[in-house]
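Letters A, B and C name the chains as they come in the text, with residue numbers starting at 1 for each one.
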């Protein structure tokens, strides 16, 4: 009871004593864990460099400005490539994610015991591995270029799209599905008439959202040779051409903000 | 029914076509053609060197074999150290990220922050969200030197863009009447935060923090590619040496940890609600 | 024509929803199935077309035993049983016409249905039915733009285009206002008469049932406790079915009310936000970046 009596006075506490102690103990553990981790980081850090950071920042920024504007004309093509990687990657990922989602959703999977775990494993594996790692792998398999980037993006996106989509499938209104079943429709007709119309808005929203994320992700794929504006960034960093780096970063910023604007518009139009 | 008599005179229509999604035929066609043209152009930019792909298939197959038969043993010390470092970075950066995100999130909520503060905080969020972690990591490595400190700084910065934005949106969506009621009691600004805002946004903030922990762990694997500590460096080395067994072992470890983390955070979030 | 014999349904939780129900429905007879919530009315109806699998007992429709049918044969038999739902259960993002034509799904192959190439006869029938239920001007409206009464009319048309032998009707009026409820009940009963259809109508509203149906079956806790003519119901039978209560206001002679069938205006304007948009959860999207 949060109310206890001390003598004749009733004292109100926010929480019961045991609970309050448990909360304090939880905080203590959290802080201890943080201190422990911080200690490890600190041991591995050369603090001289960190304390020297302000000077370095000053040094780098004096080299970064002004940006080398003339370099801009060489950036149009990489930006176009970056956009294509994101768009095509999203399209391919959808083609692969839709069946996975139907296999993973409890109410549409052919077998909850065997097929569903496999589908879920595909989803979690795809989600756990960053697109940059996929790109590293693919560059060594199919060689550097846009192709590796597109596949990397689509492999990473399968898990994301399939996960959100299968959750949407599981949340549909079962009445509508029942009504279609009652007409004597076949299994695939039930999916096409009872389920697909219900998940269409979610599907469109997920697609646009993932496209937006993919734009951001594809800006760095070039660092490992998988095409896009990252290639220019890598090349400029290698020769320490800071004015070019500034311009590239500015280009990426504008590009990403623009894509965010587009996706927000489209999502609003859908919903 | 009088209407029935009229209906006898006007014959019922016999044709039915499904109404199109976009009403105006002109708009429909032009959108379709634009999309087709764009796709054709986009596909045109992809050059696939099939000879190179063919030659690379061996390597792909070697990788698949590596997955079938992951090699945890030969570089176990490196893997262990890398994963532990990743985990430590994850915890540290998430904690620091949350600490910084909360004030920035409050500042970025239009209903409780004055305009200049709002614009400043929104600016930080936009900056953090626009750049992929790896780009930030490159800059921080240049500034702080190689090692996990740069990685922690990167992930903390990325956490701000994520948490502060969602926190701010959550505060903006919170019930205005509760804010008003607490304000009406003559409370100060910190009291207002504590009594009106915190109870409304706390459960979601905890849930989002759990999500972010998960994301930070996955991202900690890539910041290592550019020298910012964590398992990424080991992963990169194994790629360079074509030791696909080790690569597979690292990836499987990451996947297993992500599954465990997801399961744990699912349980915690379920208890909170 | 439809015969239920010793039908039992026990849910995995152990709840006995139906305890050996035996019922005979002759051709063209409309039955009102009444009973308190949880008496098993919905379960009974769904056990007939096996949206819920009965635990034991038999269901025969025109001599065909339904409980042992393989999926394909079951689908063929489901075409003979039109179903009308409490919450209308229209596919909300499809148009009125698509919803009506979805009653034909059991007759056409997947690709024809996918490209909406239904047989001309089905389209003619759909227009006739929509005309009959007074919605022929709404053909291309989306289902979620309609009012409750209009939606239920679409539901009726969808059930009838199956060319059924019997209608299974689950609480057709539970989500409607009193006047619309009467119009819908009248429409269902008239259509059954016109087409010589049998029907089992689950209904909460005892008075409404008394007005429109010729035979009433009372269900309590999974058992049939009353089966007879509407005007043979007394306070005692209602107590038997529902439990102790003052029933004097409920029981009355079926009076001939004559409110005309005026189309109820759409409750929502066409442009207003449709009610059920599966919103994308920001939480989930955010968590997965």
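Note that contacts are C-beta pairs under 8 Å (C-beta built on N, C-alpha and C of every residue); 3 or more make two chains touch, one makes a residue touch a chain.
Computed from a prediction, not measured in an experiment: that's the story for all the values here.
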Averaging each chain's C-alpha atoms to get its centre, pick out the one most distant from subunit A. C
If you tally C-beta contacts across B-C and across A-C, the winner is A-C
Calculate how many whole Å lie between the centre of subunit A and the centre of subunit B, each centre taken as the average of the chain's C-alpha atoms. 3
Averaging C-alpha coordinates per chain, one finds the centres of subunit A and subunit C separated by a number of Å equal to 45
Hey, what residues on subunit A touch two or more of the other chains? 127
Residues of subunit C whose C-beta touches two or more other chains: 98, 289
Name, in rising order, each residue of subunit B that touches subunit A in their complex. 38, 42-43, 45-49, 52-53, 56-57, 59-60, 63, 85, 88-89, 91-92, 95, 126-127, 129-132, 134-135, 138, 142-145, 147-149, 152, 218-219, 221-222, 225-226, 229, 235-236, 239, 242, 247, 251, 254-255, 258-259, 262
Can you list the subunit A residues touching subunit C in their complex? 127, 160, 163-164, 167-168, 171-173, 175-176, 178-186, 188-189, 192-194, 197-202, 205-206, 209, 213, 271
In the complex, the residues of subunit C that touch subunit B are 95, 97-98, 116, 120, 123-124, 126-128, 131, 134, 136, 139-140, 260-261, 282-283, 286-287, 289
For subunit A, which residues count as touching subunit B in their complex? 30, 33-34, 37-38, 40-41, 44-46, 49-50, 53, 56-57, 60, 80-81, 83-84, 87-88, 124-125, 127-130, 132-133, 136-137, 140-143, 145-147, 150, 216-217, 219-220, 223-224, 233, 237, 249, 252-253, 256-257
Can you list the subunit C residues touching subunit A in their complex? 49, 51, 75-79, 81-83, 85, 87, 89-94, 98, 102-107, 110, 113-114, 155, 158, 162, 168, 276-280, 284-285, 288-289
